[in-house]
Amino acid sequence: MKTILEVKNLTMNFGGLCALDRIDLDISEREIVALIGPNGAGKTTFFNCITGIFPPTEGEMFISPPGKQRKSIKGLKPNQVTENGLARTFQNIRLFQNMTVLENVMIGRHCRMSSGIAGAVLRNRATVEEEEAVVEESYIILQKIGLSEYVNEFAKNLPYGAQRRLEIARALATEPFLLLLDEPAAGMNLRETKELDELIVRIRDSEGVSILLIEHDMKLVMSLSDRIFVVDYGKKIAQGKPEEIQKNPVVIKAYLGEDFDA
Amino acid sequence: MITLPEIKKSFFVSLWFMFLTFPIMVVRVNPIEKAVEWRWKNLLLVGVGSFLLSFVWRYLFKRKEAGKKKEEAGYDSGAKSFFHIILAEPKIYKPFLIGIAFFALAFPFIFSIYQTNIMTTALIYVMLGLGLNIVVGLAGLLDLGYVAFYAVGAYSYALLNYHFGLSFWLALPIGAALGAFFGILLGFPVLRLRGDYLAIVTLGFGEIIRIILENWNEFSFGPSGIANIPRPGFLGIEFSLQGATTFMYFLMIVLTLFTVFVVNRLQNSRIGRAWIALREDEIACQAMGIDKTKTKLTAFALGATWAGMVGVVFAAKTTFINPASFTVWESIIILCIVVLGGMGSVIGVVFGALILILLPEYLRAFSEYRMLIFGAVLIIMMVFRPGGVISSVRRTYRFEGLTGKRDKTGI
Amino acid sequence: MEYFVELFLGGLTRGSIYALIALGYTMVYGIIQLINFAHGEIYMIGAFTALIISSVLSLLGLNTIAIFVIASFVAVIYSSAYGFTVEKIAYKPLRHAPRLSALISAIGMSMFLYNYVLLAQTSDFLPFPNNIPEFKFMEPYSHIFSSTELVILTTTTVVMILLGLLIKCTRIGKAMRATAQDRDMAMLVGIDVNRVISVTFVVGSATAALGGVLIASHIGQINYFIGFIAGIKAFVAAVLGGIGSVPGAVLGSFVLGWTESFATGYVSSDYEDVFAFIFLVLILIFRPAGILGRSTAEKV
């Protein structure tokens, strides 16, 4: 299996606080990897570092997109990271609330489009065709994610679970090879979580993307992931297959008090 | 209805305002002659005025709260206002538009030069408003130095004409280009700043330009300004004063239509979508692959381009410019137009400009209070109707069904 | 050398005045993250009220010190009342609105107050009586540092100390700091946030009024326009020091005061106001958090 993301020695200091301490992580093609750990362990910070929102204090990050050269993504701006094929969702939903569901996904297509100011004003054939294509492509994505019924609704009027799925749809629209999901099941009920489980597997299979997710729902994590990385206090304390992680004494200790026999 | 406790409340409000405005409204001193003028009438005015206004204020508040609750309960409170009904129904708005078009065409022939001149001024503000609307309304960047780019345009025509005899038609694109150039020059460093810092830095920039124009005599002729700027000619025709005014008016009509056309198209494009998304959530926008700086810079520079272009027209229309035309208050009047009309709404901005510029011209008694009222308008609009009088009913992208031309364009 | 000392002391006086105004900006910003554009107008109203009161009192024939004290006191009361009212009308209804809305409302308020004074009073410059006494012991130095300047400096120092004590040691000060940290959390632990915000406006306006009275006495004239430029400069000072930080505002004010004093003394006075703006642009670009401010990343 080809490795598509390598993170080496990633360290992030905020003032005196060490939020991430020399983390190594790698993801292969078509793999679903979970990043777990107690609250405040540094999981979201890890996402923010990879996606260019925070510049990491130290460490290296490389991507090897399918069919492309291996390259470093350290120091890239968030939009450049996305252009390179990493897309993410947010823990606290960050949709464009006053735009429609369709428009939200269309924004995701932005970086794969090319028309500029001149095109917008002249509305030449290339621009019109591009716009039409984007509307259709966006709709197709919504269909896949199961949101086509909401296509013309405003994002703010969507039920909670649908908003989470719309974030995934929007991220998918950027044509990523690696999808980073930050607590996609947070606030979902049992049925919604189960649907999400299936959706993630389906995305992996049909789109051929790898997935890195942060999640607290252990049942989901165990059933979904090929491999799991565990962080605590900014340090990686374990990695391995779900069944290995479940038995790992260090992990159990870190989670002591939390329900862990899922 | 009006209850006793409410009357009591309003009574105290009015007492408070009478206390508050006492020194400034009632007493007027003349320190040179050591005389004090007492204007007790004003106290009565404030008392009665604030008593009545407090009822209006509370009523508006209640209405706003009720509207909010309705929206929370799931009603579509996109409150079909009078304008929206007109705008939604082609049967109504088409004849309406045709009527306006005829009126606009006939205007200079029905009314005097004076009226035509005022209308041209109003159209200048329509264009300025539409330009600023790109920056504030669409991209959500509060630019308080907009007038600086207007000044750049005006001075570029005046100076290029003075030194090199450049014609209006050549100066028009040059002014626009210089506006864009300055927009990019300023925008590049400041657009990284958060919204409120951006406001104050642009305000500072506007003042810097004005102070430079005022003090750098060799370059800009200082406070005395530049006079005898030629009006635009057309195919070598020499206009009489009346002809020139009429020509200027039609020129402005054409330019305004052009602006409306461009802004509309921009709004419904890839870049327009990005602006709106950027206004909604910057971080999510970047995570979706939108280059924040570039997108903001585009909006800023486009706004500046328009200001530069209108600046050239302004110089040609008045034939005289000096730094006093480009104070920060001018920027705020333009902001007022955008806010009153409804941020992001093209038709709203057009109406906003016409109302704010024409009303004070025709109600002379009221023109002294113009700026006072503009200030109040900004507050009242923000508190009660942040969407503007004609809030933006943005044409959203709607999906009407697959055309079948494409089955899957691979994601 | 003497010229240098004169400029240095001049800068110190300027800085003190900026500090008195900048405090209001920084405190309000710390608590509701709003640039209170109307703050400069509050300062101007303070100066106007003082002028009106002193003129009326001088007709009654009081002695100058009494006039100065009473006029300052009334000015402080009135400015505080204006600050309180401005918050209630223009900002409180917008507490949960987007920042842009509150900012536009603030600009509107500034414009309203400025024109209100212009229309109700006059557009002319008015001479402002200097009722601050000339101290005997200052006479040898009066060519470089006047008694008025000494009073300005002393008042500013005292106000700063009192304000520091207010924020550090009192209940309301603690509530202010808590609200600045996290408004929702403060509300949850039972702090009356509305009251805290009102107090902040009142305190900020009161110090601005003092600044208004002192500078007007020093310069000797006022008009309706003084609020705009002073407001902008004090804001620059607040940003320079790190907006939201009280010691930062003081430090920033002195830095700005000296810069302006030396720049106009040694370079050119035509561009006096430009220096502040250029300074502002440079700081915001290179160190947006200011000298003492901490940069805060938005939580993602």
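Each chain carries a letter (A, B and C) given by its place in the written order, and its residues are counted from 1.
As a convention for this text, a contact is a pair of C-beta atoms (placed from the backbone, for glycine too) under 8 Å apart; a residue touches a chain by one contact, two chains touch by 3 or more.
Fair warning: this is a prediction, and the values are worked out from it, not measured in the lab.
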item: Identity of the most central chain, Cα criterion; value: B
item: Longest centre-to-centre distance from subunit A, chain (CA-based); value: C
item: Separation of subunit B from subunit C, taking each centre as the mean of its C-alpha atoms, in whole Å; value: 30
item: Inter-centroid spacing, subunit B versus subunit A (mean Cα positions, whole Å); value: 41
item: Centroid distance [mean C-alpha coordinates] between subunit C and subunit A, Å; value: 48
item: Subunit C residues counted as touching two or more neighbouring chains; value: 300
item: Subunit B, residues touching no fewer than two other chains; value: 283
item: For subunit A, residues contacting two or more additional chains; value: 53, 90
item: Footprint of subunit B on subunit A - complex, ascending; value: 51, 53, 77-79, 82-83, 87-88, 90, 94-100, 102-103, 106-108, 110-113, 115-117, 119-121, 123, 127, 130-133, 135-141, 151-152, 170-175, 207
item: Footprint of subunit A on subunit B - complex, ascending; value: 262, 265-266, 269-274, 276-277, 280-281, 283-292, 298, 302, 396-399, 402-403, 405-406, 408-409, 411
item: In the complex, subunit B residues that touch subunit C; value: 16, 19-21, 23-25, 27-29, 31-32, 34, 36, 42, 61, 136, 140, 142, 144, 189-190, 192-197, 199-201, 203-205, 207-208, 211-212, 215, 283, 328-329, 332, 335, 339, 368-369, 371-372, 374-379, 381-383, 386
item: Parts of subunit C lying in touch with subunit B, wherever the complex brings them together; value: 33-35, 45, 48-49, 51-53, 55-56, 58-59, 74, 78, 81-82, 85, 89-90, 93-94, 97-105, 107-117, 119-122, 126-129, 228, 232, 235-236, 239, 270-271, 273-274, 276-278, 280-281, 284-285, 288, 298, 300
